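Across the two complexes that follow, chain A remains constant while its partner is chain B and subsequently chain C.
And then the complex of A and B:
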């Protein structure tokens, strides 16, 4: 009996030491204070987070993790009428027609002299290859450009230190658009090519243009980073599947000991381009621009792109061997060190830009890969971080000589010193971290107070919501020697890469509060109630409608007939901050409109039956918001009900 | 009495007073600041000698709920006349400095004081009209409630707190009046006379 009791006690004290407990409890007591932003106070940083398969970009405040906005980019958003209003439909046009969804993986903020300038955020579409530019004065998608010759724009939208170029490297190599694509899939080696677009950015307007494309051997491009400071003029792309597998890639693309980081001398490419070495190739791609004065997007199909073949034109590209399917390929703030993160590698290789230059000058090559020189691994290597963790993915920098690498498999962030390659600290993530963000962590001047880890799995971290669980991010205070986790916060879609910038930089960038009604150049704007009208053009009826607290003008319309297409062009006459009006009508087969002060938006509506249709304002605009409503009378086709419209006094008058 | 010449200091003060009024032609005379829970940033109505400034359109938009008339500079004869009156006073004050006659100084000061009083009465009448002449069909009618802003100082009007104070031009007006007052009292030894009594 006594022995029995003893053995139970012994067992119960023994067991906890056998199976280590989950580290969930390891939160310091001051964590809450560090992440706490009192009500009414602003956060220190804006965080622009990719929405993954939601296709959108979300904006969070740091360190509170409070969501501020979801900016619709590549997916329709009925809440804002994005992709539903006549004005925004062209934004989602492609050479394949209207594409209402995509997969947004990475964000990139525009830079000047290697520092974030607060003008724009760029984002990539991973499915139907596109690149978007979000204007931070309006927090709206201002431009989307489709990328020809591409299949899955994953290696994007990384930029140079003055945003001269934003790159877009194809994940899938595919036959070029002008080649015959009707070929066997296993003819990959002969027929499939990689293409990397260098998209130039107008420094004033932000307008994007495909300056040139590099045609490369058929591999998969994963991530990329531009050189900076001393390495400005170079770009580095991680490549995997150098096995050129085209089925069961998880096995067949994991055979080689080393894949590549492709170093691109883009200044050299520019020289070739100037010398007329580029080949004009027939393609089809959409270029969509949103005009802020007309509040309207236009889509143009372009038909030509200039391609430079890097196997023919020497000195543009060099392959650096990099262990096992590299994901991240990140350049430190000095521009000297290039960190490769092989997803299946046991070490983190750090390459030296100086050594790479010397290796190229000395022709320290290990043969060629499809016509591209392969630099000797040791000739470009600065050193390796030994036993860093399992499954390195992506690295950001703090500007204090340290690097932070995410480890998907061992689910942790590892801080290490770039000079001596020693691991300094480890912090667990919950769970399976993908990308990391330090505000400005990819620039010459990181603002390294916080590090955010974007996770792929949450499991037990939050209240469960059935089979599909929330996605999440975690914030670490990295101002001290040790990383300290201070907050978990849920995110939309699936977060991949994100960037962050000091709040003041974005707040003081000339952000708009309203659109000036006097500058509204929408062709069907009604800039005052006296301009409100209803015009019939055949079976199309155009309603020039105004909204102001708290009524529409007109709010009575009669004489609409079955077979008509009705276009409500609603202008919000308000000139006051934070007074949007909404517009919705019964039976509309699309969405609502959400119209900012001074803006004009158009909803197309095709009535499907005779009767009276209510319409109303959907955004609680004032104490009399619930009174902001109206009626449309729909008569049979061929009816002789005259077209009338009114506000205040019903028309036609009662008999 | 009429032959009394002004001291140099009084002349200078007259000049400064005149110049102050000239400046006041270009800056707002008065401001009514409005605060409400929904307007943490505040709204301001600025009254210039020749126009209304500040958030006029926003205030007009809000006032339609209570049936207040919309504010339009065209509806006020004051905005046509005021610049000329101010200009005339500026001219007269500079003239006092040039002529250097004490009785001119006293007369101009007297006229200026009368003008100030009349202007404030006019302003009050104007505020009364706007605050009381409300559209009987207004959405919000609070029995017995009027929305006359304060002539000067603070008053709560439903969810809005209204704060009425001189703006830069108003202070320049007061400054000019004070300068003339000092000049007059120095010239006339008002202080001594007052003490003797």
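And then the complex of A and C:
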């Protein structure tokens, strides 16, 4: 109690305008019933939440805040064998080789006509720049594409209103991949460049391809949003460090009164691309695809991208001045208003798409920045929200004419009216909110029943767990005039952006319950015990194994020798929902397999000593699960123990 | 007072839930959890089983060798990990003689709709006490089920 009170005091001293004072006072008596989903009942919304430095994406139900799944995306997951099984290792391949970890910041659901369509969720890797596509029929990572010429993919994976493109803008500008990178770091201004990838998405298969890259001046790209409806065809990127500092950015990148929002006319870029104005540039990047029928990923290294230089091709990009290191750059449901959130600014500027178009037509420019026209601030400005709070970060919309902006420094969500720019309501967050989510809050048609705040600081919100605490999110009911906090729920990693969609949209999208065994095209599948076998190919031994409640076939294998590499290709013969089998073997230097019904997965195992090795099923599958086990005999190299395998027949010799 | 009425609301809500329980679209395939150990003997016909098949829509003719071959292939993938073709029990009972013990439509109902029948059929419940593994739903099509019965007939006609 003492400690809790102390940390609240400490926090309010740190953030003078933060008013948490009495945390329980913010909760109305009907909050519990609003967040309550009875046992056996489903939530109203799916919430796809970035897992931050866990590298994964987590899925929650709303309004209960119950965790439904963690989808492995950019980090290995030994629980599911992701990145450990032979089939999934290629998913994490890059031009740098196998990268087992990353930092997943933002999620973006695929759209049709500016509305969420329930097909895919995209995610960005902030460290080794990549973009991932998760298939919502399987809740598996279906594809990962690396981004060349990039230093950190932060300004991503925001998409256009038909998911024509998902963008990937570099956070850290760096010398281009085909340039000599062995240059002094303080030659940033001469040698460092920004690159923004426009990644096209095949509307049927979802397959991603880097359609083109824009080469920009060296700055930091932070967040982005596509135009919608009337502004479809444009994209807006917040940029900071227009000072082009290369050290102590905390001070040196906060010098200017205004940074920029970069407006991109991507339809114009497409025209230039068609007219052959792009330059083919030599690069190296991995493109990894998971084949659902073969249950196997492949990784291809690609060697070329097409780059459009926006300083040469004048009318693609325009800079709009935006106060102080903008983070959020959000477009309202009508497509007319672009909200910049300068994280060090005392106002929220709202820009008008119509005014921007007129300013460009009238050439109402304030000179150029590195060859790009800078639009006059007032010429693009619709108005400013005065004294909204401290440290605005990100804005979502309710489709009823209101915007909701998160304030990191003053720890609050502020609701304001877009037309008259008046603040309507404030709700405290515990503590220091980063991103916000309203289901569909970035689309043409928000489904604005709830707002979720993803907080950066947890402190005393839950039972303490030593120095490291869980992450904290909060749900607000925003169906009325006033925001009402109804629930705290803990999250994994450090969540950045998240999106949410009505449950029915995902539930009824044709989700798979099993993989049909007849459609299994894995080259080493055993579709039935009569196909189970062990085959030696030199020092490689391939075990074609089946699993069904509750035994493996074969479950006795002899004749493995030191120096052998053993590959267990385990096919789960079950054809019923929710009957995975696991597979683990003693001493394996990797992980377990978790095999879904009808799926085949492969675990590589190199025995390190002579002896008997047990193997077993790790996922409780039936009353006889504990009986689901087997043995492997490993003999010295050069031993003459023949290779044999069986299930049920290897009995003691009769006397 | 307010708290009490809230509690009541929650309780009455859950009573309402229960009374219409089982209408959820997933309930049919959640396998392991036994719903009721008391067979519903009033409506259940142990000769026919429960499902879409009956004496009018399943009729046997001469043994169809092609269909039996197809049934054998499907059985290899989906059944024979747990059932032997002899009368010996593996995970489940051996198949020898099964077409003499059961009507073809009972067999087809059971292999396409196992969960409700495991809950209701007295003989299957007795079998479960021996085997302890509920026969999984292997998502067989009607055609798969019919051809498996043909393969069982072929198995029973050979000595």
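Everything that follows uses one rule, which is that the second predicted complex is superposed on the first by the 626 of 655 C-alpha atoms of A that agree within 3 Å, B and C clash if a C-alpha of one lies under 4 Å from a C-alpha of the other, contacts with A are read in each partner's own complex, and residues count from 1 in each chain.
We take it that contacts are C-beta pairs under 8 Å (C-beta built on N, C-alpha and C of every residue); 3 or more make two chains touch, one makes a residue touch a chain.
Remember, predicted model here, so these are calculated numbers, not experimental data.
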Problem - Touching partner for A:649 - first (chain B), second (chain C), both, neither - result: neither
Exercise for the section: Could you say whether A:29 touches chain B, chain C, both of them, or neither, answering first, second, both or neither? Expected result: second
Exercise for the section: May I ask you to decide whether A:574 touches chain B, chain C, both, or neither, giving the answer as first, second, both or neither? Expected result: both
Problem - Touching partner for A:180 - first (chain B), second (chain C), both, neither - result: neither
Practice task
State whether chain B or chain C is in contact with more residues of chain A in the superposed arrangement.
Solution key: C
Problem - On chain A, the residue positions that both chain B and chain C contact, one per complex - result: 548-550, 574-577, 622-624
Practice task
Could you please specify the touching residues of chain A with respect to chain C in the complex?
Solution key: 29-30, 32-33, 36, 38-41, 513-514, 516-518, 527-531, 546, 548-551, 553, 573-579, 622-624, 648
Handout entry: Parts of chain C lying in touch with chain A, wherever the complex brings them together
Key = 2, 6, 9-10, 13-14, 17, 21, 24, 26, 29-32, 76-78, 80-82, 90-91, 132-134, 136-140
Completion exercise
The chain A residues in contact with chain B across the complex are 548-550, 574-577, 622-624, 627
Practice task
State the interface residues of chain B toward chain A in the complex, per the touch definition above.
Solution key: 41, 55, 57-58, 61, 64-65, 139-140
